[in-house]
């Protein structure tokens, strides 16, 4: 009957949040241990789910079904498909690393951990829920705590007023953490509004009187509706995935967010957007997908190159990583747009690979910021001598982001480009490959500016290398990158049947 | 004959209503209200509601109008008897009133079947009214009494003078003035 | 003396009262206008009671009168407060909420 | 032990060494244990490589041991594993031998580095050997690409070993960027190959057009990695790394990876005549161009760097002429004598503490082994008969002879003369004549750890020619040598070159350069090609980046802010409607009621 592994994975962080809420705020260690326990349980659950996934059978496994609003056909339905396992694992890794990275959090740590855990249980929910409304519910749970997390624990910085819209600075201070939190939340909510409209359109049109993704996928939608609804879903989820015109919340949001929050957000939440586009947008609306795919691909190609070039000119470390996330999410969307098995495998693998990479990057940036209290790479220099460990892991993260074989970054980019080549979409693949090269430029440019060169200036000569718990986060993420790079079939085997399963329907529609 | 009576009373009511609304001096306004109420009481009588007519006259005209006068006296600045009212929004107000009257009048006129029964049903005397009040609508009756009580107590609490050393005309009834901190301005 | 004429009269009275409510500035004048409008409503009750039979019309009228009295009482109390606070009883003075 | 398991051990040994050094930082920071572990791994790897070589000589049938690495829609897309055949056997032996000798040499050369740096150096070496072996034993082009990029990264790490020196940091990044830029071609070629043939193997038969496209793209990567003409700028700067690194990576193994790719994918290149012509022309041009530049370099390592460019041009030209054997044998002999030259130069630099040949003088007397080694290397490089260079260069010249109105042949002959000339110059200026300063005076022979490898490589450089026959046999081709008109011409040019160098530089120390050399010197100083890249990077890339970032922050983001600003303004104006006066609200309400009444009536 109902297996309970998935609800344990989704519930563990929420339960931990509850426990943390009950703890007195003076019990600092207790709070952290409870949060770590919650995160660890969900990580263990994810590993079990990934390992236990029967690749031969494929399809949806470990299904759970609890009726929520039977009248409307809304069921809390969890099930694990090919894609679910790896993405759960990614989320588990990032949340454990995130909790470890924010061990030395200063003010109001109780509320911080509660919000963090609620956010992550939302993310777990999205990856496994098979009911569209519950999917959307968890999607919102994952997005909303961001406002408080950035608004309260974030950091503000100065952005000079310039350009044709300089008068805006009169009304609000761009670069402020409240501004960043507000912008992030508002843009994502506008996106969610578009998604909700599309969800109801699908629900009503399908006549299946149920929100189950399977039923909705089985229903036939008129072509006009599909063509109209797809952009809503694409741009709605795409905003979170950093699709080109609506990506501007990402640099400010990540630059202002505290370490663990930007790790979670760039590492996992942006994947929610891409996952939404593929799982909901493309699977439910095949004809709409086929109609809009050239645009999706073109925008993705822009994303890759545009993000890479923007990252090259940033002087703030967090902005570099934020823009690189926009660029790498472009690769994910590029893979999705190819509509080939290789492309989709590459896209999902890139979600995991980039999640780990960005998690590692932001953890390191957090460490550097915590010690040097500055993010302007111009003032840094020669940190390699005082922080060899951080330098080593930073270089590893850089190499993975530029797609070095032997790291996870290469596998995903290679599969995506392979998919694009097979699909004959050279106009997207060429910017993609160029993007990878430009990534190499800005990534090593940053490494050289920060870690290489003569010894650190006198202000930074006393910086210490990573300490106990911080090593934990770096080690988990670093080994993840190398292991996935060396033997990608760990994740590719479950992802592959997932992609084939979802693609089959689209290709059948497209062929007709 | 009967319609003549109705005409007189209606005209008188309408005319005094206009006076209430338009008269510059508030005291005149209150008195004209009294006249309107009496005219309506007459109409009640013609419509067979004799008890109501008497209640109207006794209670409304006697009680409410006198109360109004008291209220007026209490809230007028000393000695200024000039035309206090300068109405400001008469144009849009009139427009709203006229439109509303037009719409309702048109509705009344256009719905036929208003006067279907030729022979008017038996009049409802005070006894019948009393029985109806006490038997069929006893719950409402009791609630209304409760409401009246609450209203009166509320009025007293609201209007009670807070500061003991207030204006000279401290009502003798409030001997036990509780030392309530002066209401923050 | 038909039902229609009664209704027309009531409508007229009601609209005059409405005009008074909207145009007048003194709070007492507004109370008067409200009295007028309530009275018009009673007239309609009684008229229908008379032409359609049944005691319900008059019962409603009684209750309505009671209500109006209560309302006047509270209204005057508020008027007293307004006068005591602002020294005059024009209704625009009570606009602290806006600031 | 079958050949494939032996080949696997050449991978596993350095891999485990690198892993242990990475995981156990204590081992690395103490220095010596790391060196020991790395050298042990190299010895095991060399032993296995020689085993593979002997196995291959016995029966040259190729054998593959591979496991599926990437699968899409449950079809194996790519495999990783080990392949053993003639090409792999010889290349593996060359790589492991040179690597071992360089590492042993480094024990002495890097002796006075701080302990953690010493450990880190050997960890990088283990990583490099692993990457190079992954590249060499690759059963398909995808794993070759993986090794290709990993070697690029280890080169970045090793060039930037002295990361405190800004020039080293710049050189490391420059090397990585240029090679990564060229690797885009490799990736594009791979993907086109896969789409055309369905696999990453090199023995697929392609349509002529596709074959040309794929091979041109692969050649583009070779131009980057083997520092051919337009993309050679990174190699001279790569001399910032420690000299043993220059010897191993930037002379013998890594830069040769490009040539190895062409040799490995020979079936593909055979189907594309156009690409071969391009290779011939570019190879010859690079050879000549680099030889000219080498003439005027004062830094001994820069001379050898340009010389490597030039010799790689030789190999590319040979492969362009269609002679796989010529190119590959020259690669092998070049690996030996160029590594020898670099190590000898390293030992000289270590003694004199300066790279400038001006500071060195008459070192042969004080440092006989180093001097002798350098001279042997120089003779081999110049192609003086009897030495290994002579035989391999002869193969190249023989292959190139008739092609394209023998213009490339003439260029390569001129290069042969120039090679002898600039090597003669270095030998005369640095190792003979009077010592120029007290530093040269005090120069003394280094310890055995540096002299040992010099001797080994010296023997190989001198007697390398003897391997020509078994080498050809490995690929099922016959090789016999007879002293025809070609070889004698080349020998004459080599000896003539040395003579001319002695005449010009022999006597007058510090004499002004003769007219043609002065001209070349002035041209070289302008380093136009470098400046083109510099401008390209600063003006184009960074400017575009700043422009796009500005647009993103102030236009795209500006529009979003405008939306926010607009809402706030609209909000401010809407607030004015709420006057706060009760009568206004009642009036509004009543107007609404009136409107409704009218609507009800009209409906």
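For clarity, chains are labelled A, B, C and D in written order, and residue numbers in each chain start from 1.
The working rule: contacts are C-beta pairs under 8 Å (C-beta built on N, C-alpha and C of every residue); 3 or more make two chains touch, one makes a residue touch a chain.
Treat the numbers as computed from the prediction; the structure is a model and nothing was measured.
The central chain of the assembly on a C-alpha centroid basis is A. A separation of 69 Å divides the Cα centre of chain A from that of chain B.
Centre-to-centre, using mean CA coordinates, chain C is 98 Å away from chain D.
With centres defined as mean CA coordinates, chain C is found 64 Å away from chain A.
Centre-to-centre, using mean CA coordinates, chain B is 103 Å away from chain D. Counting partner chains per residue, chain B shows two or more touched chains at residues 89, 92-93, 96, 100, 104.
Annotation for chain C: residues 18, 21-22, 25 touch two or more other chains. Shown for chain D are the residues in touch with two or more other chains, namely 583, 587, 590.
Contact between chains, per the stated criterion, is found for A-D, B-C, B-D, C-D. The residues of chain D lying in touch with chain C in their complex are 578-583, 586-587, 590. Residues 1-9, 11-29, 31-33, 35-36, 39, 42-43, 46-47, 49-59, 61-63, 65-74, 76-84, 87-89 of chain C touch chain B in their complex. For chain D in complex with chain B, the residues that touch the partner chain are 583-584, 587, 590-591, 593-595, 597-598, 600-601. If you check the complex, the residues on chain B that touch chain C are 2-3, 5-6, 10, 13-14, 17-18, 20-21, 26, 29-30, 33, 36-37, 40, 43-44, 46-49, 51-52, 55-56, 59-60, 63-64, 67-68, 70-72, 74-77, 84-90, 92-94, 96-98, 100-101, 104-105, 108-109, 114-115, 117, 120-124, 128-129, 131-133, 136-137, 140, 144, 147-148, 150-152, 154-156, 158-159, 161.
The touching residues of chain A, when paired with chain D in their complex, are 159, 162-165, 167-168, 171-172, 174, 182-183, 186-187, 245, 248-249, 251-252, 306, 309-314, 341-342, 345, 382, 384-385, 388, 399, 402, 404-406, 410-411, 414-415, 417-418, 421-422, 429-430, 433-434, 436-438, 440-442, 444-445, 448, 451-455, 487-489, 492-493, 496-497, 499-500.
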